[in-house]
Amino acid sequence: MKRRENMKGFAMMGIGKTAWIEKEKPVCGPMDAICRPLALAPCTSDVHTVWAGAIGERTNLILGHEGVGEVVEVGSLVKDFKKGDKVLVGAITPDWNSIAAQNGYPQHSGGMLSGWKFSNFKDGVFGEYFHVNDADGNLAPLPDYVDLAVGCMLSDMVPTGILGAEMADIQFGDKVCVIGIGPVGLMALAGAKIRGASEIFAVGSRPTCIQVAKDFGATEIVNYKDGDIVKQVLELTKNNGVDRVIVAGGENETIEQAVKMVRAGGKVSNINYLGEGEYVNIPRAEWGVGMGHKMIIGGLMCGGRMRMERYSLLVKTKRIDPIKLVTHTLKGFEKVEESLMMMKSKAPDLIKPVVIL
Amino acid sequence: MKRRENMKGFAMMGIGKTAWIEKEKPVCGPMDAICRPLALAPCTSDVHTVWAGAIGERTNLILGHEGVGEVVEVGSLVKDFKKGDKVLVGAITPDWNSIAAQNGYPQHSGGMLSGWKFSNFKDGVFGEYFHVNDADGNLAPLPDYVDLAVGCMLSDMVPTGILGAEMADIQFGDKVCVIGIGPVGLMALAGAKIRGASEIFAVGSRPTCIQVAKDFGATEIVNYKDGDIVKQVLELTKNNGVDRVIVAGGENETIEQAVKMVRAGGKVSNINYLGEGEYVNIPRAEWGVGMGHKMIIGGLMCGGRMRMERYSLLVKTKRIDPIKLVTHTLKGFEKVEESLMMMKSKAPDLIKPVVIL
Amino acid sequence: MKRRENMKGFAMMGIGKTAWIEKEKPVCGPMDAICRPLALAPCTSDVHTVWAGAIGERTNLILGHEGVGEVVEVGSLVKDFKKGDKVLVGAITPDWNSIAAQNGYPQHSGGMLSGWKFSNFKDGVFGEYFHVNDADGNLAPLPDYVDLAVGCMLSDMVPTGILGAEMADIQFGDKVCVIGIGPVGLMALAGAKIRGASEIFAVGSRPTCIQVAKDFGATEIVNYKDGDIVKQVLELTKNNGVDRVIVAGGENETIEQAVKMVRAGGKVSNINYLGEGEYVNIPRAEWGVGMGHKMIIGGLMCGGRMRMERYSLLVKTKRIDPIKLVTHTLKGFEKVEESLMMMKSKAPDLIKPVVIL
Amino acid sequence: MKRRENMKGFAMMGIGKTAWIEKEKPVCGPMDAICRPLALAPCTSDVHTVWAGAIGERTNLILGHEGVGEVVEVGSLVKDFKKGDKVLVGAITPDWNSIAAQNGYPQHSGGMLSGWKFSNFKDGVFGEYFHVNDADGNLAPLPDYVDLAVGCMLSDMVPTGILGAEMADIQFGDKVCVIGIGPVGLMALAGAKIRGASEIFAVGSRPTCIQVAKDFGATEIVNYKDGDIVKQVLELTKNNGVDRVIVAGGENETIEQAVKMVRAGGKVSNINYLGEGEYVNIPRAEWGVGMGHKMIIGGLMCGGRMRMERYSLLVKTKRIDPIKLVTHTLKGFEKVEESLMMMKSKAPDLIKPVVIL
């Protein structure tokens, strides 16, 4: 039997530790594809995974779940992709025939959040090669109108941001507050705009992000440095509160603030990974003593080919413009390490770095 | 100018104090009706209002928001009702042309929860006469197939219970847990059954309630005396959790339990008045670190003629059988006081008393 | 008793006949308002009403249901408006406490389509004064950021267009075809864009309308002069069909075309008044022999203050730009007649005329 | 290479012709299962397929898509099933990773209606063995509380009936008319009852079916022999019309009747296979001249393991009782032919025959 080839990858070696490692190339099952990366991007989740130990201990696990690839091998049952195809890859790669997927929640196939496999249950995309389960369901062709950097944004930033707007169930003319204007919050804001929001209050403080927030449709910037954000939002709405809040940053307490600033019958949609603490605290009185119809939901992006194709069309027709998230571009596979460190230290002018291979 | 007649009523005199008082008869505006009660029922909320001070201090406020009446006067703009009509009356009587009502939340017209007027902002139904705003919108004809005791249940118990099932957004075959099987929880259970639930786990301990829960469709009784209810429900579902939870009793901590026992993508629907404490605590980990798609909502019944007519039809066609809630029947207006005390002391065999006038 | 004053108005005298008439000023009930017009616009429906006899015979009926007014009198129960207020007025003025409204369909209060009262069951807005039922529910303050011409568009064109996008239930990235790009179709197109559509195919032929369609977000123009529109749309979508179709013009056969060009699981939303013919024909085979999940719905705008306020905010935040519909502006009340004739003859460069008083 | 074994099956030989044939046993792919039938049932669709040529010419195609099986072989990727397992099998067996399935319409994966494979694109279940694509997604374990005859009803009758109630989007207290009370209409009726309908009008004439309709919750029987069914239903609803109509039988004209008897804002849900004619005719006036908000939809059952498991739970908890559909039971594989002929000739006392092997 032939020994499998080795490949290089940038990995988590334990909580707080990273390294370049050598590993065997992944094996391609009948439904699967093996890809090599064309472009890669680090995510705040990678930072949480390594330095906060958010998902617990992991060793020799290649990091990364955002990227664009080229197919180098496909399984015998794969119908729509072949060697040489350039492809979009979702951060979440569900099992589409699972009970959870049949029930509308592919991201929770195999258990809550278990549609998230890259750099969680299996090696991520920061390797010379990476494995994609169910290629027909979880890859999408890279259209010629999507460049590599934007393609990386379609792995996670775009679908997660749009999920925030979707769960918020925005109606025509809604006043929406987006708390947190890092890359995910900015895409949520862009999503809110093309979902029918009128006034959009963006909560943030970094000038680079504020500029993109305005470009994406924010009508008002709320800066926590100017005082309590709940008070500011209530003033802006003459104490009526906003119709919807999308939480895309902050801490557990941010949900409390969201509940306080939303009107009766309003909705709070969370897309922020809550990494610490025992509880999220819902303020009883402002929650209408349990009867105010203030809906609270938080979710993980769905994954899958259909959404990547749909969001590509939003790029094509200029409904969204994710390239504005990409403040820094690096060249060469080995720069993946540097890009992750940039995400960790988060310089004032950084929104998102991309590595082009 | 003619002086208005006086009437008697059973009132809250301050937190912890009740008394029979004399007050002027209410005045009928152009859209309104004045009714005299034919049957009345006390509600746990009345107990909260008086003895827990749940809505703050109130003086000389006639209590009660559940009852069946006879119209004694209507305003000039009222089209569908006239003197002598027997009518169902909702506990919540919204302003139907308000922004909140146009937005789908009549119960929050005039501010969060402000569709609740009886025994809150104005005198309730425990008087010789009571005032109903917007008679065409807030009364419904008492059908001959609805008896007086059932009619009282249509004021609050039935619509609140059904709201619990509605907000839970039950799908065909869902496993549903109903926590709390007082009168509201029992009606929520009945609602869940006719909304398509399969297995229904009823959490409670009083034998009288357990019997009705079984009659209404509970497939399993979960008793907190047998241990942690979360653990019991997880065992009953092979650790998959239930699809939906309706919270109709307990304390703030009950919401925490609900979140722990519901599956990813499931829903928690609260119809319990949360009277105390600063926070409702959502367990971060079991809430999927903010990304588990476990929706949480709590609401107040909607009110209005349409729903009373619809739920009357559910009685007519025997889809629901609210008479089973009525464990005790008293005779005579003056028994209203006794009925409230029964609700306060809650004997083991009591679900709901009704006073027939 | 004082005799009521007379007023002038431009009226339908019978099918095919119009005239200026004198009538008594309308009387203000307790919930109502009397307004004088500040700006008015004719609607294609007015043309249908008079010259096609679409709603049957009408005599001495003042025409018009689009306009901005100034309140000259309010009833005793009106809370939010007073003499001198400048107001937006909806073309549809529902009875908000009706069963239909409580059921989510205020436009059908009093019977199917009966929320439409102006120039149908009572005098319209083309008089020196006009009557508005339920002023608090059916007027909205004219914001300073809405000019008079845009205010007229908020009576009917904007809410009807947005309804088209709402009923179509557009999802992020949907390909949408809008058939008919008169003023309503153009607003539907604008609505589709801010609801998340990606590619928007606009079916029309007049250059003036095509220009605005492109401004509003059309990505492709489909001209029936270039051949069968179904074939063209299928070619543009590689035979997959579009996700949604909004029908805003054409004849009964247009619905047939819509069904043919929409994918399985897609939706057809009609906002076109179908004035003639016994049937709308659904093509059996392309409708999936009854099992293709191609949903068909058609509706009337909802009416009401809340939506006028929300859509005003969409104007304020530049999400929609209805002024582009207004191709012609006339001055003086008496020009209402000319404006209607312009709507009737529909010159190539006309989208919508407005009369400023 | 070993020659594959042969097997027997009951097949369509051409339009109007059936025969027992010999064919090679089907081959099992990595995701698939091969089963042998334990119980089988014929469907009206089989009759349409053979004698009406509804899906066009087919030769040597084994018929049948309703049955319960035993797994005899599984592919290497199948996780949840193994040889010897007794299983429920859906009539529709989608490709779960397809774009259509990711979009919520697995039944249309591969093209409109193309989730329907058995006895359409590949051999059906009336063979000694049959092939199931994606075993994990399209089989469900046969629970001990589901007997074989009921198991057959879970292939098609139950999910199709429930789909009728689902698409109708029934609300608590809705008045529902079910047109057609063959086996699918009866299950739709049962579904409507447990979805919250109050009054249910069942349109039919055969005494056997009428009895089951009453058992399943019909509150009124409407017999076309007593006159126009539209007129009868309007009389029963005091000319208000019903809230929902489920069409489960009749001809294309039945949809026209449904539109006429439903109220503005109501919904018409079709689950009837419309086999002939060019058009389904929607009556323009009663459809509110295109603006009455009368939604029309028709669909194919969804398929998949999740729903079979859910509907099994509805059997377990006695929410539905499909055994009442099974009026005739035959013994032995060779009786499949006789059962199909029974379905074709439809004796007065027949609802559904089942063959136990």
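Order of writing sets the labels: A, B, C and D. Residues in every chain begin at 1.
Note that in this section contacts are C-beta pairs under 8 Å (C-beta built on N, C-alpha and C of every residue); 3 or more make two chains touch, one makes a residue touch a chain.
Values in this document were obtained by computation on a predicted structure and should not be read as measured data.
Shared contact partners of chain C and chain D, listed by label: A, B. Comparing chain pairs A-B and B-D by the number of C-beta pairs in contact, the larger count belongs to A-B.
Looking across B-C, A-B or A-D, the pair that copies the C-D interface, with over half of its contact pairs the same by residue number, is A-B.
Centre-to-centre, using mean CA coordinates, chain B is 40 Å away from chain D. For chain D, residues touching at least two other chains, in rising order: 103-104, 307, 309. Listing the residues of chain B that touch chain A in their complex gives 54, 100, 103-105, 107-108, 111-113, 252, 255-256, 263-265, 270-284, 287-300.
Chain contact summary for the complex, chain A toward chain D: residues 29-31, 76-77, 96-99, 101-104, 106, 134, 136-138, 304-307, 309. Residue ranges on chain D touching chain B, taken from their complex, read 162, 165-166, 171-175, 191, 193-200, 219, 307, 309-311, 313-314, 316-317, 319.
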